[in-house]
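What follows is a set of structures for review.
The same subunit A turns up in both complexes below, where it pairs with subunit B and then with subunit C.
After this line comes the complex of A and B, so read on.
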């Protein structure tokens, strides 16, 4: 067969192009591999950023690790995970805008959110689009919020474990004051839970001091509550733990201190002293804690995660750094069980598991007793104490046991502060 | 009794801060007729300067306070030269310009400090002064109080004992008559905003180790400054100082005995009551047409 110069060039060129296309194509075309997008509609700027941005950093670490290991097999498909974020700056208008973008344009399969008014603002959308949405505040759950789940943080219910531990270990502490911001989403929810926990523990609450977000000087507030000579000073999900601790230090407080969070406690130590902060009880561990290596913890290599996070983002670790990643891990578990990434299928699979893998173990679906729907996972929760300037888990305690026994007392205290319960 | 004395001390220290930033606001309004909405952000810039240089880079506190004053004064002078002077015939334009500056400074603060939590500055003066076994005053607050008092004393000396101070007060009373007397209005305006901004910078620098530093911290500052200015009498410097102490005491005692939320409401009510009973404020003077 005679091959002309033109034929040779044509065939050679075709071969080169085909070879180029074949080698240039991503491997996943041949391996039935896809990418699943997970949305984060969170505050990344503004006052609430510490409870948003570190969570994104944490999720990126988890997603990178999973992707580096080849992705996650869901059904017959291998998926890479891509985090898609939107900064709503804790503004409801921006939240709706972000939610629409993530769902309609980015085609995410789950939207992770902080909670509060931002979740309330997207509830109708979540229902209409049947979009799996997560919150850190189970108080966002209503009998009709079918697609909103809280699989990690059960704010502020876990605070009861800290009070229980305090009462057992310091039986001489008999009176408490509670100080917090007077918002419905954080401060009042937390104050009512602490009040219930103190009541159950036989500790008398001698003052509940609620303040606004416009306080520039905490000296008068601290002077006022310390005049009641409390054995326990309780900060109920306060946005102002640093200035409050600073005032307690300067005004010579010697009693026990208990708080929901103690984010950036190194800064508090720098402003006061290690000796003063030592012994403070709160609820959010660092993940380099050896206690997290014990059996029953559902978080892969927590110590390694902590090290990686602090290397990449040295000053950004906060309570949410591991919480959004824990939710992402829950989702992966649900998607694997469902064999699908579709939100309704994943939700169904998650809810059908009566003993879900809660981050600290011992989890079960709960919530109808308080909010009318079992859409929150509650389980064991750590009691954390500052020891020698470092957060250390003292014990894991069962939140479910406490709730089973004392739900009525909790409801009574919630109603007393005007909070919604069923 | 112990609580009352502790509250008086807390109120006095708080009053010192209020006076520093309210006097600056009054000075700028009195001389230039501009309601400087960005005054709170000038305080914020002072605080950020301390955070960047002292907390992040270890520069000693006292030099950093001086640098903060210089930085904020420079911003004030730029505002005067390029915004307020060209718009001096339109008070609304000045106000809108100041709101624009407010946002610009907030964004710049985010760029400098990044997102995330409020910034904290470890106090350069650790420890607490304890008097009579029950009065607790942190050394940082003692230091800030005396520096505030010294700053206000220096301002009083400047306004009552120097030629520039007399000229400044003259312009605040009557711009046209002052100009007719040969006073350079532009130069005096520049001095007024320079001094006002310097006081804001000083207030921010002193507050830095005691406050949560974030781009929006100026919001609460400006609300307090407006209340103090209105209660004291718009344009009255001595009124602003007096109102700052009265308001701080009032707010502190209401907080102690009735809570922070009631204190905020009562603070605003105090302003409303003053406006109804004496619209010119405690030390303000009624100007006839």
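After this line comes the complex of A and C, so read on.
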């Protein structure tokens, strides 16, 4: 077959046009599409992994859903979200390495963290790089930590809502004991908050047992506090809820039980009984709860999220599974308002919103009364009770109302345990 | 022949030093941090080796590092003391603590000493945890800053790396000199033939205590070096978990020569970082490699080089017995 000069030019021209169309189309369609990276500097291995890894899984679900729907529009640009994680195993050395990797090498626009000493170690870098950093422990906030915010969990302040609910529904319960670990970040913060809440509710605390992390046998601890015949057994924010519950079961405790968390409560039921665990009050709902479908909840399709999470990661659900995603949603809200993904712009937009979206609604910025800076969002928080072996939200209560009325009592109790307040 | 061997050693040392000087400039930010912690950990294992020279293995070395670190932190927080003062004072505090602990601890030997040292260490660590004032409790202390000299901000990793490298090299030189001095030879003698050493008038209690004090002094300096860069100190940094890592570095590296623990800490730190991509499987992989290494290299990584020489027919396997 003979190819003429005319045919050759025609075919070549057609090929060039087709190639141009093929390569040019996506460029035009996705001209304003970018990827924004969000960092997670969390424990993914070691003792603290249950308070890190489920959060990454949760964020990946939210990010995948957003990306599948075409991304999120911030300013004039459409962004896909990419989660970038670093496992610091709750070790300060690795935390600093991870923070620098995420901020300086991966160019993330926000770093989510668990809190405690790991956050203290990165504070100078957060300040220096003006990097928006989040914590689940607002006690990390200091007057100088303007780039550290707590937009979801206001540990352990929300525990007061559980005590308030208990006092109203079980007025015959008049005495309580508190047993928890004696660490500054979780145990003592929580014990002092519960003491304040009991004081406000007119419940007398008859014993407080603050034990070390070296305890392996909880029988003597439980025996000694049960000798005071308490109406309420409070575990505050204990790392040892399972062995404590086992001891309470074996020692025949019949009173009310209240705790900050009850992660992996199915394991507790398996080790004790459904009847025994029923009625236990705590603060962290499962997200298949129908109560989360009511108005004022700022979390898209919580039931669907719960189902997807448990399908992909059947044994990994913990309190942080929805908390980090809730923080991610806060960031998206801030970025949209700012029209920018830059950390300082997002922070400015978030802080300038006097009624920020809070996962359970009713949120407002708070914190200067206790930590010197209004960098935590507090709002409504659920009171959760085990019913027929399943966590169920009984009520949402306002934490802000309680704080407005009782901040001085809270401060007094925190100071009594040597905790930092302004 | 001796001159050639010496010359080879000097050339190797110069190449190593040159490599250490240029290395941080070719690393990403977070690897620069890793390099600083690695350099500090080199001093930790080198100082631990001095303690083990007498044959006694303690479980208090990590806590002694903490004594130095807390000393530096408290001096900085309360008196704004400069790092140049906190470094030697941190070593001094750890050495003093070791001297005091020598009296009860060296009434024990072998396994009893191991357990006794663990108990003493935990008592110290739990004291830091229990008292919010002055130690900050479990949350520890933060805001411990590195120095700023003129325009050099030691918060940046590269300047701090050179600072740490300088301090660690000086300490390593002193430790090397100690090991090769009469004191070092006596420590070796106590390890291998304690009754014989006693029979010729060596006060073994005193030498064991001296090794413990010297090791603690240098690990105290390592603690201060680490904490001035980290800026935060907590009791958990010096717990049994870190102590186990020290033991692993020394055992896997080998402890017959001063190079063994150094090889161990360097190789295992790099290996641990290289398997980061395996996520939750990382501890299992790390553990598996440790088991394999101990099974097939019971005398540590340091025994590879003499083995290679033996295979090549240019050396004898000298790693099986006591040092000359």
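Of note:
Methods note: the second predicted complex is superposed on the first by the 392 of 422 C-alpha atoms of A that agree within 3 Å, B and C clash if a C-alpha of one lies under 4 Å from a C-alpha of the other, contacts with A are read in each partner's own complex, and residues count from 1 in each chain.
Assume contacts are C-beta pairs under 8 Å (C-beta built on N, C-alpha and C of every residue); 3 or more make two chains touch, one makes a residue touch a chain.
Being a predicted model, the structure only gives us computed values, none of them experimental.
Contacts of A:183 after superposition on the shared chain: subunit C is touched, whereas subunit B is not. In the superposition on chain A, contact is made by A:117 with subunit C only, not with subunit B.
Applying the stated contact rule after C-alpha superposition, one finds that A:390 touches neither subunit B nor subunit C.
Contacts of A:212 after superposition: both subunit B and subunit C are touched. Once the two complexes are laid over each other on the shared chain, residue contacts for A:174 go to neither subunit B nor subunit C. In the superposition on chain A, A:227 makes contact with subunit B only, not with subunit C. In the superposition on chain A, contact of A:49 is made with both subunit B and subunit C.
According to the touch criterion, the shared surface of subunit A, contacted by subunit B in one complex and subunit C in the other, consists of residues 44-46, 49, 53, 182, 212, 214.
Of all residues in subunit A, only 44-47, 49-50, 53-54, 182, 209-212, 214-217, 219-221, 223-224, 227, 240, 242-243, 246, 249-252, 263-264, 267, 270-271, 273, 315-316, 318 touch subunit B in the complex they form.
For subunit A in complex with subunit C, the residues that touch the partner chain are 44-46, 49, 53, 87, 90-93, 96-98, 100-101, 104-105, 116-117, 120-121, 123-124, 128, 182-185, 188, 212, 214, 418-419.
Every residue of subunit B that touches subunit A in the complex is listed here, in rising order: 2-3, 6-7, 10-11, 13-14, 17, 110, 115-118, 120, 122-123, 126, 128, 130, 136-138, 141, 209-212, 214, 216, 220-221, 223-224, 251-253, 255-257, 259-261, 263-264. Only residues 28-30, 33-34, 37, 122, 126, 129-130, 132-133, 136-140, 142-143, 145, 155, 226, 230-232, 234, 236-237, 276, 279-280, 282-283 of subunit C touch subunit A when the two sit together in their complex.
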